[in-house]
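Chain IDs A, B and C follow the sequence of writing; residue 1 opens each chain.
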């Protein structure tokens, strides 16, 4: 029995009826079994591909991508996932588009979706805006489908919003599961999500938020650490607390990187901007106050600079379990002595973890493909079995 | 018998031999039966897709797109149509291209067409230029095919030129046919193509021209209305007059929006620039006279502003048949109180017609796909029957 | 027996085991039989396509393109080749990417390659940089494959570097082979690769280098001519000399265009920048010395202008064998009286050779497709036979 068939049999045991035709905004919208289904399908698609079996569930179809910020990793991951399943990506490049001044999101959403099977949106820059845009967009296409404008209802893959970064955090989590030999081995493991110093400005909060919102569901001891003023959204911390209440792990905040790293099994040191400052920035942008934005940037950079000791140095790594915690990063990292003079991580640490780091990133295309498959295919168990059984090769 | 088979049987009765390998410049180049064939194939492709049947007639192949102006709707429609049939879009982005100073259109046309099955071009900004560019381009590939440079002869879909906008107007027409329950119900219906005020500048004339050139072929009473100085190309009015002489409808021009709307069954209020001004602009661009262009823009904006009463208000709509004519727009519209303070249409009118408006737009991908299919497939009846009969699904 | 089957039988006689999973940097890395294999597969793919047979060896898969300079011809050729084989192109547009300041090529290479089957890179502007970038990139993906980050090892097609332009020169060569009725007719033919005046600045050396590095392998008399100071890389001249020693042709340098053209069977007059100046430019760019770059440009333009007599005029063409040598150019050319007042070639000469020139360009997509097929398919003979035998059509 192939690995894919084994995985399909596991999938059969899960309650996943609500995933068909559903959008993927935040991991905490989904049940544990639904997340399990994503991981399972991701592994199955990888197995099929490794055995040169076609993974196309689409004969034709479009995946629409909207990147409201620059992106390489997520852009290529989305393109790879679409291609893996047989979809063609059509990018809505707002610079090349005739989106009229004052055109509603509702209109744009319908106009690009006549043949869209799936829609991937990245909009993470402005607190209070990214998720709202995705929701408005998807409500519009849902209404369009209901009104008979669209013949099919496209589904969303959130490619990063201001609240969560589910494709990243699910890929991170699948990497952890593989590194630790299964989800059953994670109980009691300590993971440290910590702030780290970066010489750049305004990095989104969606990764730390996504991490505490997801990783508190697996019985792990999740620790969040950051300097004063770098709090994440309280709503997401509330999610984290509910998660541990339900699954038996723990969630706590500590005041130093040292304490967070102490005996940690996994560390995720990464810079982000203060939530309050990001709220202020959103207001300044809405007011078109460029002088205010510039002043805020200077303020934030000097605020960052007070915490240069928050860095994943060799010293710091020594504090982790056996000095060899699994080091995670969503990439690109600010690497001390390589890409900047002082940054998030020592070059020697980063370099030692290069292979696992790149493997961590390698899960993202499969996670996205699994999200698409689960939202578009009514009977995913049969789909996996059919792909496994068919003689169709990925390449000659 | 499926709807597709019914449509294929209807297609079989039409004289369409000249469509194979032909370009689609203007609707008036085509016979009534040829236009009927496009509508028929568009409906069939939609039916196949709704029943999750593969509509691929290409196993591989390229659709080349050239957008010399920004575009969202038409870009996505072309991409959707190509994908529906199995073609991949390759966009000729003139900014990223090494098109040498002085490089001939003939050379560019051949260089991008070695594997092109179809070519879609939008070039609508300059009177006397858009069609000329398309013609030069297609003459070059035809010559290239004849000379053995190209192994296949790509065909053109005009995605909007300075004269006609056939994919738009054919989609508009198919929408009308569906709304009125068949082409046989259109005889004697009144359609008002009217100018409307917009606070922006230099909108192309191809939509009003395309509308009067096409909609005069179905026995309708077509009325064109615009303020003095906003005439369309006289050659196209000549086409409209010939059409009504042949098909028994009528074509007339009236001086006010009110008169045009009076008892209209269908209204299409939309802004455009004066033809003479667009000619002047073309000359100024050719002379590189930026000061002249700026002056012209100011002149045109203030000329527009004298006609703010040309707007599709609730008052105006009341004059139409039972106060409930079908409202059309090619989108995006300038909506009073939504996207601008005074524009083409009242927000309440626009909002009431939102669903039919978006449905109107939804026909464009199918119209484009039908144009491609009819120009590339020698025996379209067999092709539709084969797609209907094959067990191949669009998606799992 | 179809032409494809004949070609497959010829392919079977060649020693090509080393091509599977190999990169294509420079033609001189490959044996004569390996180059023969590329030509053979290119001809077979063309034959299959002409007979409307599907040439897809991929059911899904990605071709990554990286154009570090603007490109039309090569971009469309790569897109065409990928489409022909069933791959989708995903372009790494460095402007839209979040490639961090200081991000290593190793990281970028892995991040975009998780599902890459083939990678095409054009990077030709800086002497000493283009090939180095390609090598660093491909070493990174090779390491990524070895380390289990990538499940498959993508292969490289060099779409032009600072040293060679193999897809161009192989296409040129296949054109010559077809024009002269077979490689066996080339022995003793004289080909003149000559510099020509251009009013523009800094054209790469990879074409003349690629030509002397490749065309010296077919028993031809290869002559290189350029004004003083326009030398090509000595390493490549060394290759040319080794080639003729092995294959019995000749390679020599002459001081004038007249001498080079004398009784030539083939002429390839084309501008390029002086090697030493390109080295200096690389240094100036690395130092960020814009004033120095501007000064160098002026110096080079005036240096060029001293050699306006190096032009492929009608006079010059008369010196060739029967006044009717085969004229080659990689396009776009600087055409006297068409795209500039004084350039590389007279308009009347260029125009007379238009059809063969465009045919020359038409081989490039097939050459690229053949390079991809040979590097990805373990048993290309079976692949060609399977494509020929299968009833699968390219289009309905």
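Just so we're on the same page, a residue touches a chain if its C-beta (ideal position, glycine included) is under 8 Å from a C-beta of that chain, and two chains touch if they have at least 3 such contacts.
Note that the structure is a prediction, hence the values are computed from the model and not measured.
Colleague: Where the contacts of chain A and chain C overlap, which chains show up?
Modeller: B
Colleague: Given that chain B and chain C are copies of one sequence and touch, is their interface built from the same residue numbers on both sides (over half shared) or different ones?
Modeller: different
Colleague: Overlay chain A and chain B by their C-alpha atoms and let me know the rotation angle in degrees, rounded to the nearest 5.
Modeller: 120
Colleague: Mind checking the centre-to-centre distance between chain B and chain C? Centres are C-alpha means, answer in whole Å.
Modeller: Roughly 41 Å separates the two chain centres.
Colleague: Quick check: what residues of chain B touch more than one other chain, meaning two or more?
Modeller: 86, 88
Colleague: Please give the residue numbers of chain A that touch chain B in the complex, ascending.
Modeller: So the residues of chain A touching chain B come out as 57-62, 86, 88, 90, 92, 96-104, 107-108, 110-112, 114-115, 117, 144, 147-151, 376-377, 383, 386.
Colleague: Which residues of chain C touch chain B once you look at their complex with the stated criterion?
Modeller: Residue positions touching the partner: 46, 49-50, 54-56, 67, 69-73, 75-77, 79-80, 83-86, 88-89, 331-332, 334-335, 338-340, 355, 358-359, 361-362, 364-365, 392-396.
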